[in-house]
Structures are given as structure tokens and as C-alpha cells.
Amino acid sequence: MAEKEGILVIAELSPAGAPDAVTLELLGLGARLAASSGKQLQAAAVGIDTASAAATLIASGAAAVFTVEGSAYAAYDPDLHVTALEKVVEEAGPSAVLVGNTTVGQDLVPRLAFALKAGLTTDAVSLEMKGGALASTKPVYGGNAMAVFVSRGKPALASVRPGAGDPAKPDASRTGETVKVDVEAPSPRLSFGGKVLEEGGDVRLEEARVIVSGGRGLGGAEGFEQLRELARLLGGAVGASRPPVDAGWWPSTQQVGITGKIVSPEVYVAVAISGSSQHLSGISDSRVIVAINKDPEAYIFKVSDYGVVGEWQQVLPGLSSRIREILGV
Amino acid sequence: MSDQDLFAYPRGRLHAADKDLAASLQAMVQKEVMDKRLELKEDYDGLLAPSLARLMAEVGLQKMFWPEKLGGEEHNEPEAAYTVAAALEQIGRADVGLAFLAAHSLALQAAVAAKGSCREELCAAVAPLFCEGNRPLIVSFVLPAMSQDGGAPEWRGKGIQVRAKSGPEGWTLSGKAVRPTCSGADAGLFGVLCAVDGEEPAFILVPGDSHGISREKEFLKTGLAASRNADLDFEGVKVPAANCAWRGEEGFLNLLSWFYLGLAAAGSGALLAVYEIIKEWGDNRVIKGRGQVFKENPLTAALMGEIAKEIAVDRLLAYNLADILSDPQAYGDDGPLAVFTSALMLVHHIYVSAEYTIHRTMELMASAGYAREWQLERYWRDLKTVQCYLGAYELAKHDFARRFYHTKTL
Amino acid sequence: MAELNILVCVKQVPDPEGPPSAFEVDSAARKVTPKGIPPVLSPFDENALEAAIRVKEAAGGSITMLSVGNNLSKAVMLKALASGADRLVTVEDPSCDQEGLDAFATASLLAAAVRKAGPFDLILTGRQAADTNAGQVGLGLAQLLSIPAVSVAGKVEVNGGTARVETVLPDGYEVVEASLPLLVTVSHEVGDLRYPSLMAIKKAKTLPMETFKPADLGMEPGSLVINEITELTAPNRERRCRLVEGESPEDAGAKLAALLKEDKII
Amino acid sequence: MRTIDDITRPLDYLPPAAQILSPIIRNWADNEVIPYRRQFDEDWEDHTLIHPPGKKLLGEYGIQKLLFPVDLGGMGFGESDYAFTSMFILGEEMARADSGLAVGLGVTLWPLMSIALKPHVNRRLLEEFAPLYCNTTEMISGALCMTEPQGGADIENVELLKGSTIQTTAVRDGDEWVINGHKLWPSNTGGMADLLVVVCTTNPGSRDPADVTLIFVPGDLPGVTQSGPYEKAGMACDKNGDVWLENVRVPLWYRAHGPGKDALFFLDIISIASGVTISFTSGMMMNVYERLLEFVNETKLHGRPLKENDAVAGVLADYTATLEVIRIVGYQAARMLDRSDLYGERWSPEMMAKMRSYRYFTMDRCLDVMGKVMNLMEAYGADRDRDIEKHWRDIKMNQLWLGGKQLCQIEAARWFFECETL
């Protein structure tokens, strides 16, 4: 039986109707929050056909799944989805609602929060239950301070940064209840004229959340292909110190350092970069610096938070494959 | 407080609009020029031409003085001298070449469209080139110069490069191997000092597309990449009578005074950029192995102090010149010659000081001071080129002597 | 089509380009005070103003700039007005300081100001503010005004009574159309705010400006806040490198990935 | 018509061999360099125009063989009593054409000085490298690698620092040196160096001169990587870039001399360079004098040639007065280097202080008048086609390599005023 004041995860369904990787992460996170507060883990799924999604959500730990089904929900329409989820939240009466901070999540959750007149923290990096209330932590002022938010009312909403939790492991033996919620879909106010996909434009260095940079030690342009692979995994951009740009392995527009671009990403991965002063003054604002270099005395280690001493040709594959596992990609 | 504010200038004399314009230009040139410098270096088409178009047309520096009814901003009070100084300082900080070109346009506007002295006929003839459409207009001057032809009519010893004959339908100009001050290859309007047989010289505004102007190939020079200069031939160039801005010396001296204000501000701006470069260098360079940073070593610190002093004084001098032009009476108005001499003295002083200052800065930076990537050497080449186009300092000293010692035959 | 009434919501924030060391975190007062950093318009709000000016140039109309805050800098507002706005409305009061408001309170004040200063056919906001990085107020305001909204726009055009918006996707864009009134949150792909001419800078001071107190709108900001900051800490700045060992370089790489995951870096 | 040969030279000690060398190089300058040098700036990276004159002078005319003993195919200048005065003349004639070329070509000889000059000849190494330099008409480029990224140009300041700032290490491993380090800005690098002489330390941070090590490293060894050249305001003919040395192995006997001696003879080649390169300054000034003579005759002021104006004449006189003095000081310095019997060892603190003084004094005076003369020509002073602006740009680089003026001041003051802690 669905209990009140539970932890409700709003599933984001792929076009084929399956919960995406971020949703499984939220369920992993939600399970921890539910356990720590003695509340029930629940999920919500809105779509054209939610049966298979409901089964996966239950197998992934949801004790109850609230579904809203209908042809109107074939593609994401903010007004329809907010109206549906508003009804689900009224029905479920949760204490916390979790949404992925994805392209759809960023559009959906502010509307839902205002519709519910509920507190919302976006892009949260960690969540706790404190005295039955959701406490969400996130960086503010561009990472210059970390703030913990608690909502006055109930439920409290949070959109969670992808990668902030460990995905739940599906277990077919689990059982759970599916609650159909009937919603009178409002007439759509937006008409969607189709998507135009361009060949993946590179993320700009100045805006990248993650930057993977290569130095002289890469030895050639081929090394940068491996960096591009790692950067793609982390949704980041590829930069370079001066020597590779000078040797023509990487364009000068992507050079990082005083005589290149000054960057301030969340994560800066320096691969085979010794760490000249010109380069370091370009990356000092990075929140976290990770260095891979075969020379233990390389100056880069003195300004890094994490490091591995070793040949990048071997270290990088190990790093990338484990990240692929972690992200379930 | 940004580093620039360390260098005093008469902030109180500038209108809020001047400061806002300067702040807006600073943001623009930082993004459109300085941040693209490493990649585009001094590329004319990729960097300098688009920036020039943005400065002259979009922000509208080429419309500043013209009457509103002709599409101008009619910002033509004498106090506009401060606006010119504040604007050209920020442009000069990013690229002295762009400031050099802007100084031409603003000087011509100030000389021709100043409040109360704007002749209806002349403005109507020329203002459209500045105010209509959104195209940048590059203005260039043809001033007296040491020439090969010994017999040419002279102004203060230097040959006047172009002769003009006035006829019923206007002026006819002729001159061989004429060296303009800038942009011979692509200027849209030339301000030409012309000798008129047996009469006072005439300053005539000649559209760049006038029939009879032939432009030689662009030549290479030390700096100022934004000025694509080339020598010109004037063969029977016909120009309407209305295009004669003034006759005799007074109008010409006034034009040069505003031109020198522009160059003084551009120099001061470039030196602010030099300060930022040496400050960064002084903070990071370690010498003598004892981990002593440059700025802490007594010898190099003394030199860095002298560099700051020169820059501070040069900035004050540039704004002092703006003050002179904004209120000549306050300096005892003896007419354009007094203002011209002050302008000439101040601008030459600034450029001699700028050369000295950048030499010291470059010595401190050793090879990096000379490498293009660290940006310093470009200001060094550009400012030296401006000083050459300003004229020989040695001969300017004669103008000082004429003023202070009332010489007769000099 | 009558004259288009365009509203742009803008927020004054400390310049995000300011050096990290200048942001002083006062954990007790749960307040971040930027030392010696000049105020600027939040960068995405400048993009919203540029989008508004482009619509005004193409379809005609007038642009009102609306801002909620405290100690709003005259220079910052005038610089923005000079780029192409026609009118400024502000809601200013110590209670509207950044620390005193959350997204709900801000959007509620904006909605009240819109009802007083409106109506508006098109409302443009930045996709998120540079200080909170929240991205809630734009879409929240639309919800309060119960008008349709489109988020993260890279291009905004208006012809007749309908708007055509291209929203930015990680690998392209999507075309969305809606009839006015409409709210759009704008991303930097729209284009940078143009540079004002001297004439516009001088004219800006003469433009109509109104300011309201929350009380004039019948609002008490403090009571509107739902989401509160309970803790505020400064991230530790000095770096002590944690070297990751492994039986082999591959193993060390894998262990590094695990550690980064554990510390929520990736 | 006045020519550059009217500028004073010390006729009482002109080296006999110079009478033959001087006209050859003057001819090479007039025919192989001056007609093309106006396009050298744009040729900074590929050297398609710059390489041929270099190959002709060093390879075909055999100037790169100058210092090697005659029995090894060289010209034996290493043993000559007029070595430095001869090199001064050679430097002047080359710099008159292009001081970038003069630096590039001169620096090829520079590192060899540590093993080819009496009294510190290393016969075994001369025999080892003579084939590279003497058995070819191809141009061979040598580079002395001292400056390091963090240090700027201060490690030449060896006596004070005793080499303590050198971070490039040389470690003995069996019968070989293993070298690791990063050098920046050496002339003739940027991808073209055939032979490097690398200043290393056998014990980083040590202040004992015995740890300073000069090691000869063939440019093509595994572990030696050269970056492309840096783009500069001038001196396109002299390529400089980064050099990375990673586990580079050379025989132990590739060391110039030995502990203590390397430090001394390193100072020797600094002292030599300080004195002899004054020839680059006077060489450039002579060419500016030639171009100036043309300009002040062709160009009119007040209807008469520019030179007829008294004020202009003042500046012109400053120019030639400075040129006369610089030349006299330069030759005197070269002579002092030739006559160790009279003036003491070249690498003594006294000679270092004096050579540094002559160098920065002449350079300052030249920079002053060169700037005035360029401005005197007004708009034409900046024209590439009148060549003066080229020398104005190149002269500054000459002042800056080998450590700027301030370092020379410290060194001179330390000796003349016996400073302890400077």
C-alpha cells in the first residue's frame, strides 16, 4: 500500500518508454534517503505506455509507482507533464520529490515546484534527510561557496546533478504496487516543430564543466583522440598546453594558459602536462585538478587534488573503462 | 578598483556619459580584440576590420560631432575633448592601430563640425559619408612632409605634397608619390593640405573614390597593422568647391591639435596595457634562485617603479591636453597657435617617454618581451610607428622655438 | 498588430569573472560578500535583453526592463538601458537583498510588478542567474502568470501574434511555436548584448524609470520565502594531492575513477 | 662620398687574415643577403629565403670550420692570437647585412669555443666533431642551451649563483651521462640545431662550481625534442624555441672538460660573447649609416637636402659619434680577449665585469641614437623598404639575449665595488 510522506522519484522515460540511467541513480539515492528516514521509496512515470517502466521501477526498489498514461504524453510537453505530476504529487503526498537535472528536468521541475508552491533546489550535488526534511547541497557563486537548502513546506523538491548517486541494481524478485492516476490533460499551448541535430559541436573551453588537457608527453595528435573519448564520457572539452599546440597536434583556440584561455571548470584533468607557470596560471580557478604524469617530480602534482604517477598510455584506459562502468554507458 | 584606476586622471571633469562610453568600449575591446589576440594576432580581415566597423559604425564614433539633423550625435561641445580622450585611451589599450585610425576621424569631425563653426555647405557635403548607412569610414590626412622634390611649396620647411587650382566648378588637385598619414590603400576620405599658387594653402576633403586618385601597392611597415598604408598619385582630381574646409593656417593648426589629443590618449592607453603586462611578469618571475620574485628585487623593482611613474605622468599629460582643448580660454586664449604648440609639446613628450618606458619593460622581460605571444613587442612597434608619423621630434623643437622665442627666419 | 510590449527581467550580480579569493563567505550570517568586485547584469540576462532588442528591431514595439533587488547600481542599469531598452521598472528594498529572497519570493515580486506595469506580450529572462545558478525564476514567473513558457532559447522571433523559438539541445536545436503572451528563458546562443552608442548612453538618463517598494505591490518578501539556506561554507582552497597507487597503471587509473566517484567529482 | 670604411678601425692591430675574410663577407652580404632581407620577417618559420645565404657562408665558404685545427680540416682560428679581433670583423660584416643571421651563424661557433680555444683545447672532442663541421658544404647549426623556463636569463650569473638555479640534470650511469631537462630560447634551436652544448648540473641546487657541467649532445639523439620557433618582433633569421631532454645518453667524455673547469670555461664563452657581439651592434649601425647617407641627401627640407639643416645635422653627428665610439670600444674588447697575456684570463671576474660593461654601455648608446634617427626620417622611418626600421627591431633582441642590461649592471657593480651579497 502506498504510504504518505514517501520519497518520490520522477522517472524520465526514453522514447522507448524505459527509465533512463539518471532515474536509476535517483532510485539508488532515494532508497538511501527512504531508509534513513523510515519512509517509502516511490516513483512516478508519465508516458504513452508506462507498464514496462513501472515493472523496472519496482524491480529497482520502488514500493509504489504512480502512473499517468495517455497518447498525449508521447513526447514531453511541459504543460501536460506538470499537470499530470501535480496530480500525482497530490495523490502520493510525498515529503521529498527527486528529479534528474537533465535537459527535460531543468525545464520541468521549476514549473512543477511553482505549481505545488513547494521549495526547490536545482543541480543538487548531495542530499540528506534531516529531521524528516530533505536537505540539498549545491555550489553557489560559481563554486565559490557551498550552500545547504531546506524547504519550509512539504514536499521539498530537488533536481539532482547526474552522477551524484549510485544507480539502484534491478532485482526482479521485488514487488510493488502500481497506482493509476487519472488526469484531465489540458490542451497544449506549445507546438513542437521538430528537432534539427547538428554534428556534435565541441563544448567551448570557457563553459566546459570538465576539461581534459594534454601536454607534450602525449607525443602526437593520436593521443588527443583518447582525451576526446574521456572528455566525451564526462561531457567536457579537450584543451592543451602550449607544446602540443605548437607541434600542431591541437588547435591554438583550445590552448589553456596565460598565453591561451583562462578556464575555471569544475574538474580539470591534466594528462602528461609538466605544469609550467604559464599553464598553471590558466587553470588555478579550477575547483578540482587531477594530474596524470609519469614524472613524480612534475610541478603539476604540487597544484593538483588527485594524481596518478604513471605512463598515461596505460593509466588512461583504466580510468576511462571504470568511468564507463560507473556511468553505465 | 581595476588596475587602471591606480593611474590618476581628472575623473571629476568627465561627464557620466564619457565614463560609461569608456567602460563600454573597454568591455568591447577586451572581448573583441584582446581575448582574440593570441589566435588572430594582427590579422586585418579577421580581427582589425570587424573591430573598426564595430567602433566607428555600431558604437558610432564617426558620428559623434556631426549635427543631429544630418544623422550625427551632435556631441560637439569643446568638452567633447574629454570624450575623445577617454574613448581613444580604451581603444589604444587594445590596439594602437585602431586608435590611430579613430583619432583621424575624430580630429576631422572636431575641426569641421565643432559647435558654432560648422559650415552648412561643407557639413551637408561630407556628413553623409560619416552618418549614412552602417559602413565604417576610414579617414586619412595628407600633411606636409620632407619630399624628394626640392622646389615644392612649403609649410614650415616641409614640402606641401599636393597642389590645388580653384576653377568655376571647384578644385583640381595634383600630386605625385603622395604619402598619407594612414590607410592609403583603403581610406574613404582624405583631408589634404593643398598649396594654392600665390595664395594661402587650402585644406580640402577628398572622397577616396574620387576619379584621378591612383593608389600604389600597400607597403610593409614597423607597426599599426590596422593602417593599410600606400602612396598615392593625384592626377587632376576634381572636388566640389564646398569641400574646402578652410584656408590658411588656423584651421589646420586646430585639426592637428585634436589629432595630437587622439594620439596622446592612444599612447596613454597602450601604456596601461604595458603596465598590465609587466605587473603580471613581476608577480610570477622568479630570479636569483632564492625564490625572489621580480618585483621584490631592488634593481628590477626600481625599474618597475620608474615604468609606473612614466605611465602615470603620460596619462595625466594626455588628459591635460584634453583640458586645454576643452577650455582654451582657461589657458589664456592666444588662438590656435598656442593650443597647437601645447598639443605638439605634450604628444611628443608622451611618445618619447613611451619609447623609453617600453625599452625598460622589454629589458626586464628579456626574450619574452620580444616574443609576439607576450604581446609587449606590438605596443613597442606600434607606438614607434605613430611617433614617426607624428613627425621628427627634432623639427618639432623648431615649432617650440618659434612660439617661445618669436624666431623670424627659422 | 498593436505595438509589441516586451518585458526583460534582469538581475544585478557580482561580476562572475571576479577572482575566487574575493568572495568572502560568512558562514554565521550565511552570506557571501564579494569584496571589491563591481556589480554587473547577470550574463544570461544580457542575452535576454539582446534577444528583446532583435525582436523590437524586427517586429517593432517597446522594451521594459524589470529588476528586483537592493542597492541597484545606476551605472549598470543605464548601461543596459542604453543598449536598446525604453523603460526601467525596479522593485527595490533592503528586504529584496539576495540573501532575503528565494526563487519563489523573487518570482512572486516580479509577477506583482508585471501586473502593475504590464501587460506584456513577450517576457524574456536569462536561463539562470550567475550567483545562484538556479534557473527557477523565469519558468516560475510563467507559472505564476499562468502563461506558456519555453526555456533555453537560442533564437526568438515574433511574427503577428505568434512566436517562433529555437531551443538549444546538447546536439542541435528544436523549433517551438506558441501564441503570445509567452515567456522565454534565453541562453547565450542568442548573441551578445550590443554596445551602446554615445547618443544612446546620453539618452538613457532621460528614459522613464519607476520604482516600487514590495509594500506598494502588497507583498512582504520575507513571508514568501519557501527554500532557505541553512548552511553556507567556503570550499577549501589549498590543494593537497592524493596520489592513487595501483598494482599496475591500468589499476591505478581505475582506482582513480573510483575515488573521484566517491568524492562526487564525476 | 663617405662610406662605412671611413669609420675608424684600430689599424695597429688589424689581424692579417681579416684582410682576406672581410671583402669575402662584404661581398656575400651585398649579393646573397641584402637583396632578399626585406622578405626575411615573413620567412621566420620556413627559412626558405634565409637558409641559402647561411649555407653559402658556413657550408660553402667554410666559416663553420673556423675554429677547428688545420690538421682536422679547420681554419685553425682556435689557436690564433687574433681569434677575437678576427671574429669581431666577421661579426661586423655579417651584422651589416642581418644581425639575425650574424647571431645564428655566430652561435654555431659559440659552443665550440669551450673546446677549441687555447688554453682549453679538448683535442678528443675536436676530433669527434670535426667531421660534422668540416667534411660538408651543408650548413651545420650549433646551439648553447643555458636559459631555462623559470629562470629567465639569470643562470649566466654563475659566480653568484654557482649554478644553483640550473635544473637540467646530468647523472653518471656506467660510462654515460643521462641528461634530463627543459631549455628555452637558445639560438639555432626551433628545430634546426645539429649539435647542442647543454649546461647541466650534476647536483641540482648545489652551489659548488664543480657541479656545473657542459655536455656536447648531438641534436638527433633519442630523447632530444625541439619545439618549433617562437614568432618574434624581428631577428627572423635566428630561430629560438624549447628544447626538451629526456633520458638523453652521451659518452662521459662528451663533457667539455671536468668539474670546476666547465664552470670557468662556461664563463669564458660568456665573456667572449659579451665582447665580440659588440660587433653586431657596430655592424648594424654601419648599414644604417649607409642608408641614412642616401636619405639625408635625397630628401629636402626648406628646399635643401635634409643634412643641410643644422638641427638635423646635430642628430646625424650624434649618430656617427656614437658609431665611432662603439667601434673603438668593441675592437678594444676583442683585443683584450686576444691578449690574455696582458689583460688576464678571459673568464676572470675582472674581464667578465668589463666585457659586460662595454656590452651594455654600447648597446644603450646605440638604442638611443637608432631611435632618434628612425624618428628623424618621419613616416619613411617606419618603411620596411628603407631597412632602418629592421635594424631598430633587431638591435633590441641583441640587447636582450645573454641576459638583459640589468644583469650586466649587477655583474659590473659586483666587481668594481666588491659587493658581497648583490
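Going by the order they are written in, the chains are A, B, C and D; count residues from 1 in each one.
In this section, a contact is a pair of C-beta atoms (placed from the backbone, for glycine too) under 8 Å apart; a residue touches a chain by one contact, two chains touch by 3 or more.
Not measured: the values here are computed from a predicted model.
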Chain closest to the assembly centre - both centres taken as Cα means: B
Top chain pair, ranked by how many C-beta pairs fall in contact: A-C
Gap in Å, rounded to a whole number, between the CA centres of chain B and chain A: 54
Distance from chain C to chain B - Cα centre to Cα centre, in angstrom: 40
Centroid spacing, where centroids are CA-atom means, of chain C and chain D in whole angstrom: 60
Overlap residues in chain B, where contacts from two or more other chains coincide: 373
Per-residue overlap in chain D, given as positions that touch at least 2 other chains: 150
Inter-chain touch pairs (all): A-B, A-C, A-D, B-C, B-D
Complex contact set, residues of chain C against chain A: 14, 16, 19-20, 23, 25, 30, 32, 34, 102-104, 107, 130-136, 138-140, 142-144, 148-152, 164, 169-179, 225-235, 239-244, 246, 248-254, 256-261, 264-266
Chain B partner contacts - residues on chain C that touch it in the complex: 36, 75, 78-79, 82, 192, 194-199, 201-202, 205
Touch list for chain D against partner chain B, complex: 38, 41, 147, 150-154, 157, 160-161, 164-165, 184-185, 230-235, 240, 298-304, 306, 309, 311-312, 314-315, 367, 371-372, 374-385, 389, 392-393, 396-397, 399-401, 403-406, 409-410
Chain B residues touching chain D - in the complex, by the definition given at the top: 145-152, 154, 157-159, 179, 181, 219-223, 285-289, 299-300, 303, 355, 359, 362-364, 366-367, 369-373, 377-378, 380-381, 384-385, 387-389, 391-395, 397-398
Residue ranges of chain A in contact with chain B within the complex: 252-253, 255, 258-260, 277, 281
